[in-house]
Amino acid sequence: MISVILTIFAPILGGFVYGIERIVRARMQSRMGPPLMQPFYDFFKLMDKRPIMIHSFHALMGIMYFIAEWFALAVLLLGNDLLIAVFFHVIAVLALVIGASSVRSSYSVLGALRELMHMISYEPLMVLMVVSFYLVVGSFDIKDVLHYNGYPILDLPLVFIAFLLTIPMLLQKSPFDVAEAHQEIIGGPEIEYSGPFYEALYTGKWIEYIYVFTFAFLFGGSHYWLGAILVIFAFLFINLLDNSTARLDFRRMVKFAWIVLIPMAALNVILLALI
Amino acid sequence: MGNKIVVPFGSQHIALPEPVSFLFDTKNEIITNVKVDVGYVHRGIEKAAITKFEFTNVSYLLTRICGFCSITHAGGYHHGIEKLLDVEAPKRAEYIRLIITELDRIHSHLLANAHVAEVAGYENLFMQGVKDREIVMDLLENITGNRIQYDIYTIGGVRRDISKETAEYIKKQLLKLKDKVLKVYDFYDTDYTFGLKTKGISYISLDDAKKYNVVGPIARASGLATDARAEFDYLPYDEVGFEIQTRTEGDVWARNIVRQMEVIHSIDLILRAIDNLPEGDIKVKYKGRPKGETFVRVEAPRGECFYYLKGNGTKVLERVRVRVPTYSNIPILKELFVGEKYSDAQPIVLSFDPCMSCTAR
Amino acid sequence: MINPNVEIFETTLEKVVEDIKNWYDYKKYHYVTINGVDEGGKLRIDWIFADYNEKNKMYVFRVTDVSFDTLIPSIANIIPSAWMAEWELRDMFDVEVENTQKGIFIKDPNIVAPLRKDK
Amino acid sequence: MGFFSKFRKKSPWILHYNTGGCNGCDIEILATLAPKYDIERFGALNRGNPKQADILLVTGPVTKNCRDVLRRLYLEMPEPKVVVAMGACGHGGGVFRHLYNVENGVDNIIPVDVWIPGCAPNPRALIDGIVEAIKIWEKKSKDKEYMKNHSKEMIKNLGVNDD
């Protein structure tokens, strides 16, 4: 029941997470920052703008991104296979990529290509993480993970660290905000969306927050307090990282993911399988 | 990624405060060719200075060439026109001019450095840099009455004096600023990701810097010790002990470091200037009309600024020629892009601290 | 009057490139800019240089009485950064300079040679 | 959409374009983003993207080379939108009035709603101008101006007949 409510209200919850994040970021930069409700103000403003679309397919792909993102979250929360949730997330990002590369703007096309680089970097790791959950818990089902009596974080410390360092890639945060890169390609894939269509992307991002932090929560197993601590830790950590790093090149991101993060997670999985 | 994508950078772009257009041909995000258009800001100031304005008012026009180095333009013009009129500003006025010029340099350098951090994706460093800069802006507002366009120069002196209390206030605030600047300096110097983004990018060798006649912090970052403050007599820099700051790395990182070093040196210069502030008038009367011609070099925050003035004994000058620092740095900037990544293009452009409104006038 | 430390080399349009080539040493001198002055129907062009080592010292190669329809030689192959000043000279005075194009600053075809007094 | 208009005044996204000013105003815009003035308190962000912007912040006299870019940016912004002209140069050219390459002010090219005086305007003046712009923006949105077509006169002024 709680997961149904969580799924339905995921955009709203994600909006609040984003609002908190904007305040935290502003305070870290010694600013006041916007009010907590700011993302919703943005949301309602965008709804009232005149809809301008490049072509209908482009707009459709923007909405597809939002729907697939929500669907991935629903699959994740409503107790289906974790692996399927990961694949639905891939579909969501692919919709974004296809939409972005269907227009002529070079920023949009560059952003789409960079978004693919993001996928190459983090998707193998997501799959590895799900597999490691299977090895620990013995099931792909979220319910079993949440009822697992041990502490997955103790079995999977390296996977957790690798996942922590992947969050900046998933949520477009500073060392790896390559696809969004506001000062380079002005938002990348989202540049050509406007008004209500941009809204779909904007809220899709909020859902992604919930999607990502759910995974962080799973590392607590049945100990929900541990999960909550891990989520708060992950939230603060990525904000700190966001505020203390410069943006790196996409080549460096892919290298980092494949040379450091994936071997690290794989090592954890191998050790787990041996023991 | 992508066989050949043409990426426009400007004339409207979030990383650029002013209109300049670069058109990059990229292949896998590596730049293979570049087209530059610097003419967006051309307003025709040189023409207006010799037709519409009398020599007493030209200064107001010339300071509005650029908001960053407005005081340098006023300095260059007034140094030249005072030569032509054969007046000499009193010592106290010269010192006040020096103080304002150096304060202007500090705020310009801090903003330039912060902007490089911003386009490198390091938003927090931008915020910290600009936060410190507000101290200087307060000082400037305190002394001159405005934050950006000061117009404190007048022929034969300055408009406003620095009172004893203000001098004390400046000293106190500058010492505070120095601590803060040293803190941020540490970040520019040692931050790992910022180093990854800036070290070794767009390297200019000493030989290239000389061949292309690079000026300002860009030249000094390559080890070329050129500075109009040392090479031309226009303000009492010798008396306050000016030294040229150089680095030898010649990349984006070194340019930031040079600017940061200059900020600290400028703070020292101002402190010394305030300690030795001579007593006396701040303005002398002049008479006559400008006649003859003169060449002036002054140091703007971005480098050497050249002025040529020619008067013919009437109220209106015959020729005003302004050659600004970015003007002589654009040729090498154009050469630097080829072979660099597109994601490094913004730090490269901003590390030159380009001033298009100066360049096109 | 003129600054006491400015050294002026009077030369002619045919010889100026040769003169600069023989004199210029990029390790010692610093190219500043090219400046044109309209002296009542005739153009005066200065090639201005400064010294890295000597304080206040400047050198000027000066060609006077250039009519507006002569071709002005380019020094861009001696000093690679000189092209900008040459392009600007062309825009501002509507004179022909070797290897230049119109339109670095002035793109409107209605505006011709703003710094010339007869236009 | 009366309900949504309630939230309108809290999220102005800014597009900034310099049309040939002296940078002074642009420095102040950067200062406004920075900690001391922090315009994000009001929800304002510097988006740099005409398609997602609500307020067009123009600085400087419009030079002839910048004119077309400015016009295009204005047309690319979806309605409702507000134009703010910042600085003395924007008001009829300022010190650059009647120079040969200058178009004398922003309102010769696009319709302007708010003027911010000063050379250069203080960041406080800029914030005040943005607040003023938000009021006009709200009114425009209530009048559903974005549902109407541009008047013939304005289309002529913008020169988009043959675009």
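For the reader, a short list of remarks on this structure follows.
Order as written gives the chain letters A, B, C and D; numbering starts at 1 within each chain.
We take it that contacts are C-beta pairs under 8 Å (C-beta built on N, C-alpha and C of every residue); 3 or more make two chains touch, one makes a residue touch a chain.
Since the model is a prediction, treat every value here as computed from it, not as a measurement.
Counting hops only between chains that touch, chain A reaches chain C in a minimum of 2.
Taking A-B and B-D together, the chain pair joined by more C-beta contacts is B-D. Separating the centre of chain A from that of chain B, both taken as means of CA atoms, is a distance of 43 Å. Centre-to-centre separation between chain B and chain D, using Cα means, comes to 28 Å. Computed centre separation for the pair chain C/chain D is 41 angstrom, with centres defined by C-alpha atoms. Distance between chain centres (mean CA atoms), chain B to chain C: 24 Å.
Touching of two or more other chains is recorded for residues 34-35, 48-49, 65, 100-101 of chain D. Of all residues in chain C, those that touch two or more other chains are 105-107, 114.
In chain B, the residues that touch at least two other chains are 13-15, 39, 42, 44, 47, 127, 131. Counting only pairs that meet the touch rule, the chains in contact are A-B, A-D, B-C, B-D, C-D. Across the complex, chain B is touched by residues 1-3, 6, 26-27, 30-33, 35, 37-38, 46, 48, 50-52, 55-56, 58, 60, 79-81, 83-85, 92, 103-107, 114-115 of chain C. Contact residues on chain A toward chain B in their complex (touch as defined above): 28-31, 106-107, 109-110, 113-114, 117, 174-175, 177-178, 181-184, 186, 243-250, 252. Remark: chain D residues 1, 3-8, 10-11, 13, 34-35, 38, 40-43, 48-49, 51-52, 54, 78-80, 141, 146 touch chain A in the complex.
Chain B meets chain C in the complex at residues 38-39, 42, 44, 46-47, 50, 83-84, 86, 210-213, 225-226, 230-233, 291-295, 297, 304, 306, 308, 310, 318-319, 321, 323, 327-328, 330-332, 360.
Listing the residues of chain B that touch chain D in their complex gives 11-15, 17-19, 39-45, 47-48, 52, 60-61, 64-68, 70, 111, 115, 126-127, 130-131, 133-134, 137, 146-149, 355, 357.
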